[in-house]
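Please read the structure below before turning to the comments.
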Amino acid sequence: MAVSRIRRWRPTTPVITAVLLAAMPLIFISDFARAIQLRFCVMLLLLTGLNFINGYARMSSLAQAGFYGLGAYTAGILAARLDVPPALAFVAAPVLATVAALVIGAASLRLRATYFTMATLGAGYILYILFGRMTGVTGGPNGLLGIPALSVAGIEISGPLPMYVLAAVLALLGVVVAYNFERSRAGRALRALGASEPAAVASGVRAFRLRLFAFALSGCYAGVAGALETFDATFVSPSSFGFLTAVLCVVGLTVGGAGRAAGPLIGAALLTALDELGTEYAGYEMLIVGLVFLVVVQAFPGGVAGAAGARWPRRGARPAVARATEGSAS
Amino acid sequence: MTDSALSVRDLRVAHGRLEVVHGVSFEARGGQVTCLLGTNGAGKTTTIRGLLGLQTPRSGTVTVGGTDVSRHAPHRLARLGVAHVPEGRRVFANLSVRDNLRMGTLTRTRRWREEPGLDHVLHTFPELTPKLKDAAGVLSGGQQQMLAIGRALMSRPTLLILDEPSMGLSPKLVSRIYQALAGLRDDGHTILLVEQNARLALELADHAYVLETGHIAESGPAGELIASARVQEIYLGSQEES
Amino acid sequence: MTRRLRWRLTTPIALTITAALAAGCSAGADAGADAGAEDSAAIKIGTLYSVTGPAANVGDKMRKGTELAVEQINQRGGIDGRKIEWKFYDPAGDTSTAVTQTRKLLTDDKVDAIVGGGSSSGIALAMGQLTASAKKLFVATEGARAIVQPETEHPLTFKATFNDTVVMQKIIEFWKAKGVTNVALLPDTSGFGQSALEVAEKELPAAGLKLAVASFDPGTGDFTPLLTKLGAGKPQAYLAWTTDSSGVTFLKNARTVVTDGAALIQHSFGFVDDRYMKQAGDAGVGTVLSSPKLPVADLLPDSDPQKKTIGEFAAAYEAKYHEQPNVYAGQAYDALMLAAEAIGKAKSTDGPLAAKALETLGEHVGVTGVFRYSAQDHSGLGTDGVEMIKWDGERFVLAG
Amino acid sequence: MNLLLQVVFAGLSVGAVYALVAVGFGVVANGTGAVNFAQGEYVMVGGVVAGVVHEVWHPPLPVSVLCAVAAGVVAGLVTELAVSRFSGARSAEIITIATIGLAVALKAAVLLLTDRKTYGLPHFLGERPLRVGGAVADTQTLWNLAVVFVVAVGLSLFFRRTRQGTILRAAADDPEVVTSLGVPFHSVARWVFVIAAVLGALGGAGLAPLSVMSYESGTLLGLKGFAAAMLGGLGNLYGAVIGGLVIGLVEAAVAGYGSAAYGDAVAFVILLIILFTRPTGLFSQRKVVRV
């Protein structure tokens, strides 16, 4: 670890995120801007989580929308139907989403990359169908109503600004954890695994366990994002957790830069901007999404972050395999 | 016919970020057998894959018959008459032997039933004749090697590149393969032979290069290299001990 | 955790919280300044319809209906001389997008009222919570009863559509007149279908009708197993409840599987669309639908209160869009007209005042029906607005 | 009425379309190693194009169907250009992900071009259904099954007997060696995408008389078709056909004997069961999908 000690200060992703999250509400101050900013935080959590599995481990998951929905419904059902204290419901959401990710991951992570993708697609879709069909539990196609305001220790967190602060703190925490994970031994091993499985396995990386860990993390982040969305909208509807959302998560991360610390940040910004674009240019935005994605996937596999990073290479960048060996030997 | 059929200048190839071949230069002369010797992991196969465009090289120049093919896709080299017998044979397991051989004619004819050169290949490898209708996957290792060479010959190549044709075969089959290769040399084929088995290769070759950890360590006429102390020590000596 | 890690964690978080608190203070100061700059001349009305996504064809018609109403009002000089400034967004069928857009309408565009609930009941339900807390008038164009019921909990929310209870009542009357006692219901799994299922399970047994049910997914490619299963009970009527195009498949399959020639093949008010009926071909002929009067307006007696309104609306719509209006366009047109009338009567854009005005409007003759809102009824439409109609292969006619 | 027989007819009717989609998945997977997310959109394109042609110009039915096939050819060529020629992408994972973008773009383009309308076609063999043993079989079902049969036999002959077919089979074994024998990767990709798209478009044209088609119709069909392909073993021609029919039959059985409300989940549950227990499919041991 001593090798990578920071000698010269440079802006890292958590610092940029912190400045951004702090500056946004100062520059754009309407309540609506808060809502957009909160949505940005939710997206950031979703994509940061997805980055563990799609980015570092290079196994494309299409289950992120399902875990997001699971988090949202867990929080919503516990708080609205079972009278669980909202704060506890909020915490339960990522727990259940993580458990779901562990179960689905345990069954599907031994598959080859493409088949893993299809397994996560299937699992996500089944979750989506359950959200809409289990009317007695989830409220069915019309959604779940009557979600109380979030309160912690008697202090109510509701309204645009408090919700935004909560979302910003959680999103930042998520980014910081991801940033430190990327630099940890497990993080480096995971990236080595994504770069070249045989090389990583040869240097002692336990592929399956590491991937499962990454997948569980992605579920956990999606659970937090879901709980935030639920308590912000005080409403949960199955329409937000379908195949399109799953695809948009992958699109956002890929265009932003999968496997890069800055990728989720850029991707979340793009997806939030897309929401805005969609309100003005209905119908055209998906055409643009499809075409941009098509080009980026092939021409800029590192996404925007990768294209930018190619011009300013990371200091002391070495092959991932070499880093992994180093990590496991130390 | 002693002009350069293939010329490689300062070729660098990497696996991801890890460079494996560090600026290799060599040439293969028309009508001759040129041999690229090297131990396991010396970068032989990577060199070949780089020059064929199967792996994009970092830098370097490759010319075939005077044409610069450095940035050419692999199929364009095939159309220039370069045939490749890959490491590990890689015959199409689910295709019949006959279809495997026909696959070699793709650059010569668009007609499927014509099979030009089939007689010539079956003459070189009569062992394949009774197996024509069998799936290539059920052949023995030696037969698969003959099929892979035969598939390459079907294109009537101007340059035949063989990557370790002796790998994994019994000594008896190895000598059978090398007997066939000698026949091809005598027919005037230009051959680039990549081998670990130095003794056999040097006996067959006109000229040889020794590749060590991605560099050309030594080169010269095959007869001289057999006598070289270095080759004696690394390849021949050690083989006799084992 | 190393010390370095802790540093990395705390610094950014501290930064954010400080900044966010600063933002909170400045936001309060700013709000006052903003209100002064407000343009008081125009009345701002916001609308959400899903013109993309699964319900796109419905949303598209709704948008045109509301757009036409806005245009007509502005041509007449607006509401009390104040023109309508119309804001339109497309949530593409997604509720969380709709929530964001509704917030944009309420806080950014500062609309005075919202008309149209995203072309999906689920979205309208979510929007209702936001408009309620912002104290703005909301006139929905979506079907679900829960949007306005119970009225005491939704004082500022109205809808310009029939409650499915009303439509079901009309259908029950129709069945009784025809001597039908045994029926099969095929609702789709959307909110529209499932809400009808809820009503049917309550109302039909109460009316002495025998009911068999089979739900189906939108996009279902073959209804024959469902129809065969239901057919075992020998129902005299098969009623599908959907807006999805798979309703066409239902019609085609019903004509082949249902051997009882006397059995009625029916659709609800969600399927009143020429295009769908034409696509069903011969199988569509004779289908009975429950519908607002729009498709059969010219066949109504001149005494019908709606005949003139519908005629004028249809003519204006065709002139503008070069296509026939459908019931969705009609209810979206009504919704905006109602909102405008309420604001005009209240002489205020204040939500509670406008809502009061709507509740005391008396009768509003609309395209969809004659609206009679009250404090107890925010749907306002009775069975008199529902007509039983039949597709004769060319057009809709009255079903006797 | 005979419910069991009716379930079988309904299952075959929908299953035939799944089968065509599944065969398309297999052909693309063999040629490129990728999963083609645009596969379902080909069905949509075929159905919508046939419907538009029929509605606007009223030509004889075979002309509408031929237009759908032509649209399939174009869609296949566009796919090859978009996901492989453009960048020379050769990695199966990149092609797989790229087809997601293509599918999204195709769907959006059709939405804009058709203005969200739905389209249908008359039955190819007349509207009058056949009555067999107390159940009703739609003539269109017979047509679709016949198409599946002809396609399976025709493709099988194409792959075994022709030069191009053999090249594609060889590419399924070892794509790299095929390129070094003189066939560029994009040529293989072009062939497989065109074949897959034509199959999809045929399915779409055959489906349009049964259920109305719009820009939305393709996605779910594609995903279910993939489940069918996995059930039969991805890349296995006859396995795909059987897989498609089986998924259609199970869906119909769930609708007939259980609750149709969970019908959409059937294909995905089967997909997961297959992936978790026997990822090579029921009829194939060849391809190793576990790592």
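Labels for the chains are A, B, C and D, by order of writing; each one numbers its residues from 1.
Throughout what follows, a residue touches a chain if its C-beta (ideal position, glycine included) is under 8 Å from a C-beta of that chain, and two chains touch if they have at least 3 such contacts.
Note that the structure is a prediction, hence the values are computed from the model and not measured.
J.: Counting C-beta pairs in contact, does A-C beat C-D or the other way around?
T.: Counting C-beta pairs in contact, A-C comes out ahead.
J.: Centre-to-centre on C-alpha atoms, which chain is most distant from chain D?
T.: Looking at centroid distances, B is the chain farthest away.
J.: Let me have the rounded angstrom distance from the C-alpha centre of chain B over to the C-alpha centre of chain C, please.
T.: About 73 Å separates the centre of chain B from that of chain C.
J.: How many angstrom between the C-alpha centroids of chain D and chain C?
T.: Computed value for the inter-centroid distance: 36 Å.
J.: With chain centres defined as C-alpha means, what is the inter-centre distance between chain A and chain B in Å?
T.: 49
J.: What residues in chain D touch two or more of the other chains?
T.: If we look for residues of chain D contacting two or more partner chains, we find 111, 261, 264.
J.: Scan chain C for residues touching two or more other chains and write them down.
T.: 51-52, 189
J.: Please output the residues of chain C touching chain A within their complex, sorted ascending.
T.: Those in contact with chain A are residues 4-5, 8-9, 11-13, 15-24, 26-27, 30, 34, 51-52, 89-90, 92-97, 99-101, 103-104, 106-108, 120-123, 125-126, 129, 144, 146, 189-191, 194-195.
J.: For the complex, give me every residue of chain D touching chain A.
T.: Touching chain A: residues 33-35, 82-83, 86-87, 89, 92-94, 96-98, 100-109, 111-112, 219, 223, 226-227, 230, 261-262, 264-265, 268-269, 271-272, 275-276, 279, 288-291 of chain D.
J.: Contact residues on chain D for chain B in the complex?
T.: So the residues of chain D touching chain B come out as 88, 162-163, 166-167, 169-170, 172-174, 176-185, 286.
J.: Over in the complex, which chain A residues touch chain C? Could you list them?
T.: Touch list, chain A to chain C: 6, 12, 14-15, 17-19, 21-23, 25-26, 29-33, 35-36, 39, 132-133, 135, 140-143, 145, 160-161, 164-165, 168-169, 172-173, 176, 179-180, 229, 233-235, 237-240, 244-245, 275, 278-279, 282-283, 286.
J.: In their complex, what parts of chain D are in touch with chain C?
T.: 1-3, 6-7, 9-10, 13-14, 17, 111, 115-120, 122, 127, 129, 135-136, 138, 207, 210-212, 214-217, 220, 252-253, 255-257, 259-261, 263-264
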